[in-house]
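The structure under discussion appears below in the form of structure tokens.
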Amino acid sequence: MDSKEIIARRIALELKDGNVVNLGIGLPTMVSNYLPKGVNILLQSENGFVGLAPVKDVDPDLVNAGGQPVGLVPGAAMFDSCTSFMLIRGGHVDATVLGGLQVDSKGNLANWMVPGKMVPGMGGAMDLVSGAKKVIIGMEHTAKDGTPKILVNCDLPLTGKGVVNMIVTELGVIRVIPEGLGLILEETAPGVTPEEVIAKTQAKLTISPNLTTMKL
Amino acid sequence: MEKVISIEKALDKINDGATIMIGGFLGVGNPPTLVDALIKKNVKNLTLIANDTARPDLGIGKLVVNKQLKKAIVSHIGTNAETGRQMIAGELSVDLIPQGTLAERIRCGGAGLGGFLTPTGVGTIVEDGKQRLVLSGKSYLLEMPLRADIALLYAQKADKFGNLVFRRSSRNFNPIMAFAADVVIVEAKEIVEIGQIDPDEVMVTGVVVDWLVQGKGGNA
Amino acid sequence: MDSKEIIARRIALELKDGNVVNLGIGLPTMVSNYLPKGVNILLQSENGFVGLAPVKDVDPDLVNAGGQPVGLVPGAAMFDSCTSFMLIRGGHVDATVLGGLQVDSKGNLANWMVPGKMVPGMGGAMDLVSGAKKVIIGMEHTAKDGTPKILVNCDLPLTGKGVVNMIVTELGVIRVIPEGLGLILEETAPGVTPEEVIAKTQAKLTISPNLTTMKL
Amino acid sequence: MEKVISIEKALDKINDGATIMIGGFLGVGNPPTLVDALIKKNVKNLTLIANDTARPDLGIGKLVVNKQLKKAIVSHIGTNAETGRQMIAGELSVDLIPQGTLAERIRCGGAGLGGFLTPTGVGTIVEDGKQRLVLSGKSYLLEMPLRADIALLYAQKADKFGNLVFRRSSRNFNPIMAFAADVVIVEAKEIVEIGQIDPDEVMVTGVVVDWLVQGKGGNA
């Protein structure tokens, strides 16, 4: 099982039957492949609908927020961009799953910009993190060169301040305590020790007294 | 009043330096005939208000490649590397705005409101230069309305008065932009007689639509 | 011709073919009976549609803002209350015709409340006067006891400040100069002298150099 | 999740002292079955948010006559003399709000926004106690979001997930209230299977609807 699959599988277990969920582009999209039996979620797409399904017949008028052809489930509904963000900001989306460049000890998230290098724009990410009831970040634990991505303080421009509820990596599951009170390591992946997670994390991690092995 | 006009007459209304809203999301819901004609007319120094700049070969993206924009007000540049290049080279000014805030600012401009308070962007660089208000212990940014000289929109169906119906995810920014520009030009895939769309099925009233152009179909 | 008909007939001449117009309850509603040939207007109803027509078959789901059954013209469109006021406040309504209790020299309007007596609520009137491109007040020139209704300063609670463009009464037509610069008597009804209008008006009226007889 | 419930189960969710939004405009678009059941249950001390209080024998008006309200937040009292009498006698507190501002405050409450600026009411008693901002030389009042514990709404048609379709002028406040309450209960004239309403024809997504009640038809 590769890192991405571990992350996607674990996040899938966080979603409850009937949840309305917005999945970011890339890894987060994989989450819907690993939902437990009996758990049906409704996917919201910020370009204007709920009820996103895998594509069957390509319809040029129907794409997801990444511009890729998709389908619709029975019960889907289309709307305009304003209504889409009424849903998102208004607390009508139960969870959003996004990738991250950096998360810090206060639950700050940076995932939209690397000054001078990558400036694609924030799209709907800033609204999603300020409005979704639960913000789950799914990302590899460290950058490709091994440097930590879970930091004391983000140094990249923020997507949102104090917005992250949960971080899932291939090494473990970390819960963010509200009000900037720190990070708790709640689960470690099979074969991974808490010490290894701590070594690869710049922010201080408190080990949960109920630490368990990551459910997959 | 006859609202159905030729593509040439529609383009007469757009001049160098105009601020233009264009509907669509990564190319879907752009008005393809109007965008292609804009390129042919080669109007310059446009300020674009749209969700994104799509792809170099798709929709609005072609306006970037053809260097017709001086400024783009968007939520992201799409997968258009040329927008990124012009932005970094200083040839094109790009204002990046959170998508929900962009949509709401456009609605605000069309609704006669003076601004609104949103939690989006608090504590980020989006806050720069904006007023922050704290109400009931929660922080909000004061965001201002956005309007344009011209809106170029796409609808699946229109009656000759300009009542509009949209299809699937091509709806996106089109309905809200219809309220927020001085001149609203809609390209419709299908144009029907007045009375052929049931009043309950109209998604945007023709009251806000100035001109209609028959689409040629296909993508921009 | 009674007072109300004079007022309604004169206001009808102010409306242009294709105008989107919101008519208040009562006298203003009569205006649509006197439109010149070739002038078609589209009536907006603040409870959520444009394209109001006289009732043919009563439909319990279709009433005007006064709760009375109405019909629809071809090309009508229904919407929710928020969209209705986007149209009104957003300058998409060309004119509104409303009744008045008092209008004053600065274009202030009072027409929604008599403290202690009549407090029905402002409904959509305050939005209409702040958003419609042209605000026309149609009312009898004086109260039933003969006291003036066009005053130096309104003493009833205002509906809007500096919002009135034109006052039409059974005695004449008065234009309000923007920025609180006063009132101009532009037309007098057949058989009515400017002196009579001035005598029945508390606010100062400037007589237009182009004073004409009221078109009816 | 099964959203279709009995009228009794729906009423279990409403208790004395609740803040309730009810759709409708002078009785048209009120949920008649829900309103009649509210009267039968005789819950008291309600705060009502609605456009108006209709007539004594119609819709919401009957709640006034039955003295179930302690406060009404409305744009006008309708042609309900009993509301006027209770208001003047000090038995019922009435907040009068311009209709467009009322609609926008409800939308604001459902959209996660902190407030908005409107020109409506500047220089009138509506301004009392509110912040006035001057932007680009124009004055605006800062208006706050409005939310409720419960919304009782009416739709022409719903699928079992709660996707809603409205008819004619019974739409009015129903779509915006659907976003602005903690618990949203919709009375539908017709309830159909999921998938029977085309996604483009849905006017309010079932995402915001908690419970559905089969209407008995007729007016309240």
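Every chain is named by a letter (A, B, C and D) in the order it is written, and numbering of its residues begins at 1.
Note that a contact is a pair of C-beta atoms (placed from the backbone, for glycine too) under 8 Å apart; a residue touches a chain by one contact, two chains touch by 3 or more.
Predicted model only: the values in this text are computed from it and were never measured.
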If a chain touches chain A and chain B alike, it appears here: D
Selected interface, C-D versus B-C, where C-beta contact pairs are more numerous: C-D
Separation of chain A from chain D, taking each centre as the mean of its C-alpha atoms, in whole Å: 35
Whole-Å gap between the CA centroids of chain A and chain C: 55
Chain centre separation in whole Å, for chain D relative to chain C (CA means): 29
Residues of chain C engaged with two or more neighbouring chains: 49, 78-79, 85, 88-89, 130-131
Sites on chain D at which at least two other chains make contact: 104, 107, 111-113, 118-119, 166-168, 171, 199-200
Each pair of chains that touches, named by its two labels: A-B, A-D, B-C, B-D, C-D
Contacting residues of chain A [partner chain B, same complex]: 45-49, 59-63, 65-67, 78-82, 84-85, 88-89, 108, 116, 119-127, 130-131, 157-162
Of chain A, residues touching chain D in the complex: 17-18, 20, 42, 44, 49-51, 72, 74-79, 85-92, 130-131
In the complex with chain C, residue positions of chain D that touch it: 25-29, 51-52, 74-79, 84, 87-88, 94, 96, 98-101, 103-104, 106-107, 118-126, 156, 166-176, 219
Chain D to chain B touching residues, read off their complex: 104, 108, 111-119, 133, 135, 138, 140, 144, 165-168, 171, 199-201
Of chain B, residues touching chain C in the complex: 1, 107, 110-113, 159, 161, 163, 179, 194-195, 199-200, 202, 204-208
